[in-house]
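Here come two complexes built around subunit A, the first alongside subunit B, the second alongside subunit C.
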Partner chain A sequence: MRNKLLHNPQAVIGTLLIAIILLMGVLAPFLAPHDPMAVDITKKFLEPCNEYPFGTDQLGRCVLSRLLYGARYSLGLALPILAFLALIGTTLGMLCAWFGGIFDRLMTIVCDIFMAFPPLVIVLTLIGVIGQGAVNLILSIILSMWVWFVKVVRSYVLIEKDKDYITAAKISGCSGADILFSHILPNILPLLVVYFSTGIASIILMISGYSFLGLGLGNDIPEWGAMLNSAKQYLYSNPMLIVYPGTCILLTAAGFNLFGEALRDILSPEEE
Partner chain B sequence: MIEVRHLTRTYLSRRSPKSKEPFVSVNDVSFSLLENTPYALVGESGSGKSTLAMMLAAILPPTNGEILLDGNNIWALSPKELRLMHGEVQLVLQNSQGALDPRRRIYESIAEPLRKLRHLTRQEEQHTVHDILHKVQLQDDILMRFPSELSGGQQSRVCIARAMALAPRLVIFDESVSGLDVTVQKKVLDLLLNLRQEYQSTFLFITHDIDVALYMADHIFVMKEGKIVESITDAHGYDDFNHPYSRELIESLPPKTPYNR
Partner chain C sequence: MHFIKKLIRVLIVLIGVSLLSFILANLSSVDPAEAIARRIYSNPTQEQIQDIRTEKGLDQPILTQYARWVGNCLRGDLGTSYQSNQPVIQEMAGKLTATLFLVGMALLWIVLITIPLGIVSAVRKDRFCDHLIRIITILGISIPAFWLGYLLLTAFAIRIPVFKVVDYGNLRSLILPSITLAASVVSSSVRMLRATILENLKKDYVIYAQARGLSTAQILWKHVLKNALPPMVTLFFQNIGMMIGGSAIVESVFSWPGLGNYFVSAIVNRDLPVITGCVLVLGLIFVICNTVGELVNRALNPRMISGKEGKVV
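Moving on to the complex of A and B:
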């Protein structure tokens, strides 16, 4: 398994990118040359120099420091969101597929209703009602995405539960819980890990996207999407202010996508 | 030991949901099986053999009728009792590769029924697994492998070992050897005959192959379109089959020498 990961260039690049972003976030206080919030209007739009390696923005804040701290926001928001979604999706998806019947039908109807709304509509409405802020952003992203996770897990379990080894497990005296947790879950886990790691990429894009639209986090917060938002006015005069956070978002999303796709190739049981 | 009374199973056809007429897979089947006896059930594909096997193994509830194990209707048992009943009645499925969890090592697959249905210590469990492994003529080194690393013959031996480890009173083999090539098939059948002698279990071989049935058992049921059309208690050759459908089955066999027991 480890060897396969090391011999897969996608996996190596993906892991490296994720590791770099994680390190940026964790080590931000030590690596950042300045306070990311410190405003110094006399130093606005500085060219890159020794003191400010990536220059400063329209309020004289250190761009490098803001980028480093930005990793904390992207991952710090995306990971708890993913954890919630994975928990809700796996639990409800497995229950629906296993028990079927009226519960499954009701859930399918609820899922279809939620899926009929574009996520943007849900997020706009929610943030309009409960206001801006990190917690509200988390809540609204969870609310707009949970049905997709339920549906995916449900379909994986439905495929798995008709296989012969499940019948064999019943004959071996396994109870329903035994089968769900010790047979079905280990067998769909690789598929779920792939879905979750590509899911985290889209969550990061959502967080940045909503911040860019001014829905998520305020402009003072060094989140990459919010940085894009405030830099867009200076697109012609200072294009690098857009390029830096944009590149960060691109690399993070690409890292998780590459990692997820490589995992799918490695974990598919046929090739074992 | 086990008695089947008026067992019926119907399915609602999915292809034509409008038709109210359900498809009858097993139709009013009655028979009884004695302790420590080999039986065979012959029928073509779609005759309801597998459905019957699933009902006997308490995986699929019958639409009508009852299955009595020592006089108790198994489908009247509580779910937990039904689960524990698998210690007495085991089923070996046709597709042995599919019947093994692809993410489990062989040891775990064989030990699972022991863990769920018998209360053994770690040592007793290991002892039982090694013992049954030698009885199905497999080497110790496969225990740590995954199902996909075994040959078809090894996989079906593992499935047999998993069922026999419990020393059940009734074992149903649903086309368990039909996927194997002829030489391997013969070896597995001989192995099963020996195992049956040793464990004194009742075996029910479900097969489409009249030669296999004759080789494995004296008492043969012939099934057609969900019904048992003929039951022969002392079958030794083709001449013992009398029902027109049984004759048809025999006449459609390709010319070859039957197994000589």
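Moving on to the complex of A and C:
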């Protein structure tokens, strides 16, 4: 498995990109040449130079430092969101598929109702009524996406539970919990990792989109979407302020997408 | 029988959609009575607010309010905007038209680009063309839509002024925003079409067709594409709903006077009737699109039991 990953260029590039972004976030305090929040109006819109390798923004803040700290916000928001979604999705999805019956039917209807709203609509409305802020953003993204995760996990478990080895496990007297956790879960885990990996990419894109609309975090926070939001007024004079944060978002999302897709290729039977 | 079951299910979902729309909007800390009072009197007294609360029935239990709201909606009355004093349904109709033009153009791109690229990528698997298409599409699903919009604006409206930065009302104005809106959908559709074709190429019926001496082109056009169609149709119709609901970001970049921009400005201004109305209409559109998608699939392939393909975000 590890060998296959190493021999797949997609997987290698994806892993490298993810590693770079992670390092950027973790090492930001050591790598950043300046305080990302330090405002100095006298130094606004500086061209790239030795002191400010990527120049400065409209308030004279160091763009490079803000980009480095931005990795913290993107991953720092996306990872907890994914963790919650994975937990909710896996628990409810497994329960629905395993028990079936009335619980499963009710859940399917709830899923259909929530899925009738594009995630953007739910998040916009919730942010509109409960207000902005990191916690509210996390809550509303979870609320807008949980049903998708439940549905996917449910469909994986449904396929797996009809296989012969599960029948064999049942005959040999395994309990329901035993089968779910020591047989089905380990077997669908790779599929879940693929889904979660591409899921992170869409969560990162969503976060930046909401920040861009001015509904995520405040503009002073060095989050990539928020940086784009404040840079859009200077589209004519300083297009590079738009290019840098966008590239960061693109590379992060591409990293997780590449990794997820490569893993899917490796896991699919045609490659074996 | 299947049709009746389906209908009941759609009805249940619609009731749920209306309930969720109502709940979402009522979580707000905005007091509707006060908001209406501020519209009538510049500086309303507590009594005036109380009068309006009684008059509009806002002091009644939440379920009574919901029932009345649904009744009004069924009669086509979505309330009056706090900001403009115009009936929400009237304002929304104009905005929805603008969004539909944008989505319609985007759908055209999706069909025109997805089919050839998906086929080429699958047929020339692991060749140069396939690698190139896969790289472009992975970038396409990873690029933030609004950023792509700005890049296109900078390139084709500022550097090389082929288009205008703010433009509305003609075919030319549709091109950049519709490309922006279509980019990620095209990318995911191409990848899906490629995967579906490759999966079908391995099936027994293809080997049988080869044994009968049919050419590769014949097998591809007559058999494989027909079998690859149902999941693509489901995805296509889901994407219509998704794009209408998700156009806010693209509309904001191109200052497009559509439903998404209208919705975002209502949220910023806490215009409750508009927020509730938009949520309800967007939910309805999505349910309708999905249902139409399933019906089309059944018409194309009567043997199919149910459209169980689900789009994965």
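Operating definition for what follows: the second predicted complex is superposed on the first by the 267 of 272 C-alpha atoms of A that agree within 3 Å, B and C clash if a C-alpha of one lies under 4 Å from a C-alpha of the other, contacts with A are read in each partner's own complex, and residues count from 1 in each chain.
We adopt the following convention: contacts are C-beta pairs under 8 Å (C-beta built on N, C-alpha and C of every residue); 3 or more make two chains touch, one makes a residue touch a chain.
Worth saying up front: this structure is predicted, and the values here are computed from it rather than measured.
*Asks:* Per the contact definition in the header, classify A:183: touching subunit B only (first), subunit C only (second), both, or neither.
*Replies:* first
*Asks:* Let me test your reading of the model: by the given contact rule, A:113 touches which partner, first (subunit B), second (subunit C), both or neither?
*Replies:* After superposing on A, A:113 lies in contact with subunit C but is clear of subunit B.
*Asks:* Which partner chains sit in contact with A:175 here, subunit B, subunit C, both or neither? Use first/second/both/neither.
*Replies:* first
*Asks:* Looking at subunit A, does subunit C or subunit B touch more of its residues?
*Replies:* Of subunit B and subunit C, the partner in contact with more residues of subunit A is C.
*Asks:* Report for A:59: first if it touches subunit B alone, second if subunit C alone, otherwise both or neither.
*Replies:* neither
*Asks:* Of the two partner chains, subunit B (first) and subunit C (second), which one does A:20 touch, if any: first, second, both, or neither?
*Replies:* neither
*Asks:* In the overlay, answer first, second, both or neither for which of subunit B and subunit C A:88 touches.
*Replies:* Once the two structures are laid over each other on A, A:88 reaches no partner at all.
*Asks:* Look at A:159 in the shared chain and tell me whether it touches subunit B only, subunit C only, both, or neither; answer first, second, both or neither.
*Replies:* neither
*Asks:* Under the contact definition given at the top, report the residues of subunit A touching subunit B in one complex and subunit C in the other.
*Replies:* 270
*Asks:* In their complex, what parts of subunit A are in touch with subunit B?
*Replies:* 163-165, 167-175, 178, 183, 186-187, 269-270, 272
*Asks:* Any idea which subunit C residues touch subunit A in the complex?
*Replies:* Contact set of subunit C toward subunit A: 9, 12-13, 16-17, 20, 24-25, 27-30, 138-139, 141-147, 150-151, 153-154, 158, 198, 202, 241-242, 245-246, 248-249, 252, 263-264, 266-268, 270, 275, 278-279, 282-284, 286-287, 290, 310, 312-313.
*Asks:* In their complex, what parts of subunit B are in touch with subunit A?
*Replies:* Contacts found on subunit B: 54, 57, 59, 83-84, 86-87, 90-91, 93, 95, 98-103, 112-113, 116-117, 146, 148, 159, 162-163.
*Asks:* Show me the residue ranges of subunit A that touch subunit C in the complex, using the header's touch definition.
*Replies:* 109-110, 112-122, 124-131, 145, 148, 151-152, 155, 195, 198-199, 201-202, 205, 208-209, 212-215, 225, 228, 232, 235-236, 239, 242-243, 246, 249-251, 253-254, 257-258, 261, 270
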